[in-house]
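Note that the chains take the letters A, B, C, D, E and F in the order they are written out, and that residue 1 is the start of every chain.
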């Protein structure tokens, strides 16, 4: 089982979720995050005080999947989030060594979906 | 050392934290997240605009523990968060290969607790 | 490749980001979290209702790096976040087994930076 | 001879005129009989004058005061309450105020005003003013009349009182009442509880109206301590008991989700209260001016008292304490503001806040009572203290009775109000519950009333 | 003989005086003929009196009303709109209201008032009042005059109307218009669209002013149904069409980011509307009082109608529905509030809200029209309904024409307003677009107008 | 012969009456000597009339204005300041306004008013009005009297000025002052700094009061440029310097946590300012009307100026700039609004905003001054500019002195205010610091003043 973490642009969320649904990936956890990256934001000003604008709003997706779904998930995310512009974000894939469905207590591959 | 990630219903947070305390697990990081899952929310309406209501408020817990505490932690979470209803959430267990306590710089198993 | 998760005090964020920049680590994802820890907050009161104050505002950093950058990243975080007081937080290091840059689709070590 | 009478007549006319600020005609009584007719005509006109003339100053004052009292509910009270609940319930609380305003406004225009202020008898109004019949121009039934304020302004001003009272009750059942039940309850409560009590205390023939010579209790209630605050406070207590505790009470309560909202609301309540208290004089005169100042002083000193008590008891002066204290002071001074002096307003503010603090902060936790937003703790307790102290600190008692005598009159009015409001509210709740479930079920409560009752969320999480 | 006439003269003077609240002089008629002269002088003085005296009551009322109408825009409308957009665009919406207030205030003082209310002819004002020339003291050109209200107060009161109208339009182009274009558009629109229409409908010689004997259409518009609401609603519709849909419309819309803000805004609009409607009487009298009450009733019943329709159609009564309904009712009653009775206000509130609901909730999605905040759906639709129904429910038609005749007059005024506003707005948009791009480009829209237009974010994420 | 005098007498009585809107008595002078007595009585009564009658229009106006000025502090200023600080400090800022209102209200009623407005001498008031003694009915000491406004209304109106002034200072020490110290400081400051300056500038015998024939400086200050804004601005500067910089200043500052709050606050300040400026006429007349319009125009043009300067300097017009500019304009026009004309109000608005902008945006960063919310930059700078320009643009100078002469008078008053306020504030801070620590320690500042000073958090993170 793999734990997929993806950071994407906020306005791509709906698109990505749609694409994931198409691949039968229904279970996703979404978090609002701030990204510090290559992409430079518009500097903000408040009277005399200037803000670097180095932290930009991003969306983080977390998806626990079985091996079979790793590639489909990645494709779905690329499909929905890729604009070719700086700031599109990243996908990280980590290993899961246990997964439990709280509702039922099921374990492992059956629990993840 | 293991990194436990649990997604639970918001109204179960206090219960889970209490149960964790009982198991001597005091260190937890809590994040507000939105869950896209099997559980369907109540569709919302704003004048003519309908919202799917497919994203529901959830709470994410992150707990770094030594092997000995993995099962107790899982039990505590199940004990506090299980209602038997769709939407109860998931627990994921990942491997940690290093842990450092910022305050002291301690490393490994002594640092985690 | 490693996935570094650090929980720090909110007022240390700028410092840590600066230190990371010095080490040429530009890509960071920042999340607002609540910490349940050894550090006890100031109990709050609302008329007759008392709040434990057991959840404190913290900042979570996530940094995906190549092996070579793991130690520099840790040093930067320690350098920026260490005050010696309870509540300074933790650093966790996890394994990444795949990383993709959404913008280009690049994979692995080239993608992470 | 003639000349003497003339001097008198002039003096009289003068003072009369000054008092009512209406033009004072005088006639040549030196020129005898021939003009007799003319004299009569004119004299008649003169007598009528006060009644037929709009006093623009008083009328402007009353219209603005009505707007200020509505501001107390929309958005004052809505925010004061809304900021104190959980994120998932704020819209339901705001809706309590919005729906109350909408429902009561229509009810008041259609029959509420007639039931409350129709002359009727000691207990009920009548149907003379259904659909605001007989409220054109001036109507000597309503005191405002004598001040050159059109009856319709009186209707509007009183409407805003009828709106805020049921809205106040929401503090008792917030976070757990179903919306349909709320609407029905509000409709019935304002018709069957508020209108009668309003008639008793302020109706020309009401049996608690000090202006009514043969009232059973000549209670002083300048701006609605009994009618509005005790009444709403008691009803809130009954609702809290009838509905039972919220899920997770008292161990898993959340703190206020947005204290700044609560503070904005409290500030607007404070400002609007000037319209509530000073406006209750129904004219813009010395008494109204005093009422405004005493209202301000009582609110201020009450806020200080709460801050000090919080400081002693909790170790810190809290912002929520400051606004709660201010509101308690405003509630306490409401029945008194037109009858007391500076000293009285200071004492009433201090004692009202102290009593409310003792109940809300000290006693309530022991009682395990889930009065969500302390509608009873603040409006009920401070309201009762204020109503009783009005008898103690009033500068002039009714018909010069002893202050103790006045205190007893106050006590009688308070007792009647408490009894009727408590009993009536309980009965209405049971009635409503037969028609539509009053209490939200566990799931509705867990997901929050905003989504479960209104299919809306107040805020977006991801933007 | 003489005595008789004299008696009459006194009676007259008396009533006159009473009506204008000016002192009533009386003369020694015992001493016959010789004083004839004196009599005349005095009578003259008496007649002149109203014009030269400030009526403090009316003036106080009008000044507070002006403040209330400004409150409708700052922060009422700003919040009502701002709460409904996305987090990343709220500042841009608030800026629409702030900038409109700043720009229009200056324009109005410099030439706007003169263009709108200068006597001029049937179509345009004149330049007699540039920089507020000839507005000291009293000016019989402006009705306020007769009520003892200084002309400058009339200028101020009307200024607040000129401010809110362009601000209302923002509802149509919110979340996608560039700020420089907005400023230029507002400047031109208030000068070339608002001022003329204002002159037609309220100018002494305007061809749509019922007070003008030789008007082409004697339309009744008490407080600005055509001038403000239909005008702004149509302009908003045109802007929405000209600018096109927002990115992601209609599939990827976000819900309101802060409904409580929208509700606070609606409440302040409601309160301020009393100044808007009652103040339009330009005096504090019976009519103003009626206007206030009818405004309240129409808003309340309209809110209920929307709640019921939402309940039937969506299954739940929504908070956004409650405030949208209330605003629709306020819009609908605006042209009517001084001409109808309770019955009329109830019907107009009901029908105005029902029509707006049908368009906004039912029809709009089918039209795929991106009127961001339903400025047309609420102000345009309810405005038109209200303007037409004023002809149906007015208690007294103009010159006692038939209600059908009055309805036709209303229709003519509405048609002219719609035509001119639509055409003029479209032309101005094209004009502005030649000077500076009107529509934000995709990137500006994606990152949000707050950052892209103002280099600011409304809220901090990490604190 | 007699008849002639009679005519004159009538004419006089008439105009007099008209002016004071009080009933005009007339007597039969045709019937000669015998009634002499009667005549005298009545005449006396007539003369007294204006003084003993409440002018309902003026009184209503003043009471509403007092409410508007309180609205400026609660919640206007509270939100304007609160929205600009960090999430963890907003409650502490709101508390500055709430506590100031509570403390000052009591102080004012008990002795503040007496110290400020008791006749006393050129420098101090007296104790004649402790506990508001001798403020019943009318008191010729206070100009309001002549306008038929009860003295108690004047007390209330002035109380709201005494409340907002210390609240304004909070802008200078926000985010780092301990609450107990704040309370003590406010108590002392209002008693020992505000009251005296208020007496100097507005007290009948004040040595800076233009109405005082033997004043040392006949400075024109219509609504409190020196007393309120310069005074508070300077005190804020001194506090900022005394307390030192906040932790992390200037490199690790956070942006405003909730700009919409700041904008709501600014809008309410704007609206309330009408009460502040127009109300300072103490009557509802032509001057008050002018003051209102000029206030509006100055605020509007000032907002535009700031937007343009931001546009040039930062590349974009900012929302924070719009409201900061508006407030600067309002501050600048405050001393002038009753003395200038349209031209003057435009220039004062422009120059006031330009000066404040230059200091806040351009100069301040170079000075490394941590005036948290620019209380000095806005109120101090614009206040000084406005006070001085009042001498330049006033339509009529005092005693027809040259405009340069008037300018010098203004300068003298400004200098005295600055000197006294600066010195006094510094001394009080040192004094307070001996009793209780003024500056929050590092930990209190880091966790935030809300939790460390009040044991509360403004918002919930997890719901």
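In the analysis below, a residue touches a chain if its C-beta (ideal position, glycine included) is under 8 Å from a C-beta of that chain, and two chains touch if they have at least 3 such contacts.
Note that the coordinates shown come from a computational prediction; the quantities given were computed from them, not determined experimentally.
Listed here as common contacts of chain C and chain D: A, B, E, F. Centre-to-centre spacing of chain C and chain E amounts to 54 Å, using the average Cα coordinate of each chain. Chain B and chain C have Cα centroids separated by 18 Å.
Computed from the mean C-alpha positions, the centre of chain B lies at a distance of 49 Å from the centre of chain D. Along chain F, residues 21-24, 26, 28, 30-31, 55-58, 60, 64, 255-256, 258, 264, 314, 316, 318, 320, 455-457, 461-463 each make contact with two or more other chains. Counting only residues that touch two or more partner chains, chain A has 30-32, 34, 44-46, 55, 57, 94-95.
Viewed as a network of touching protein chains, the structure reduces to a complete graph with every chain in contact with every other. Contacts from chain A toward chain D in the complex involve residues 10, 13, 30, 32, 57, 59.
In the complex of the two chains, the chain F residues touching chain B come out as 461-463. Partner chain F is touched in their complex by these residues of chain C: 11, 14, 32, 34, 41-46, 53, 55, 57. Residues 3-4, 6-7, 10-11, 13-15, 17-19, 21-24, 26, 28-31, 55-58, 60-61, 64, 68, 86-88, 254-260, 263-264, 267-268, 270-271, 274-275, 278, 283-286, 288-290, 292-293, 296-297, 299-301, 303-304, 307, 314-320, 322-323, 326, 342-343, 346 of chain F are the ones that touch chain E when the two sit in their complex. Remark: chain A residues 2, 5-8, 31-38, 54-55, 58, 60, 74, 77-78, 81-95 touch chain C in the complex.
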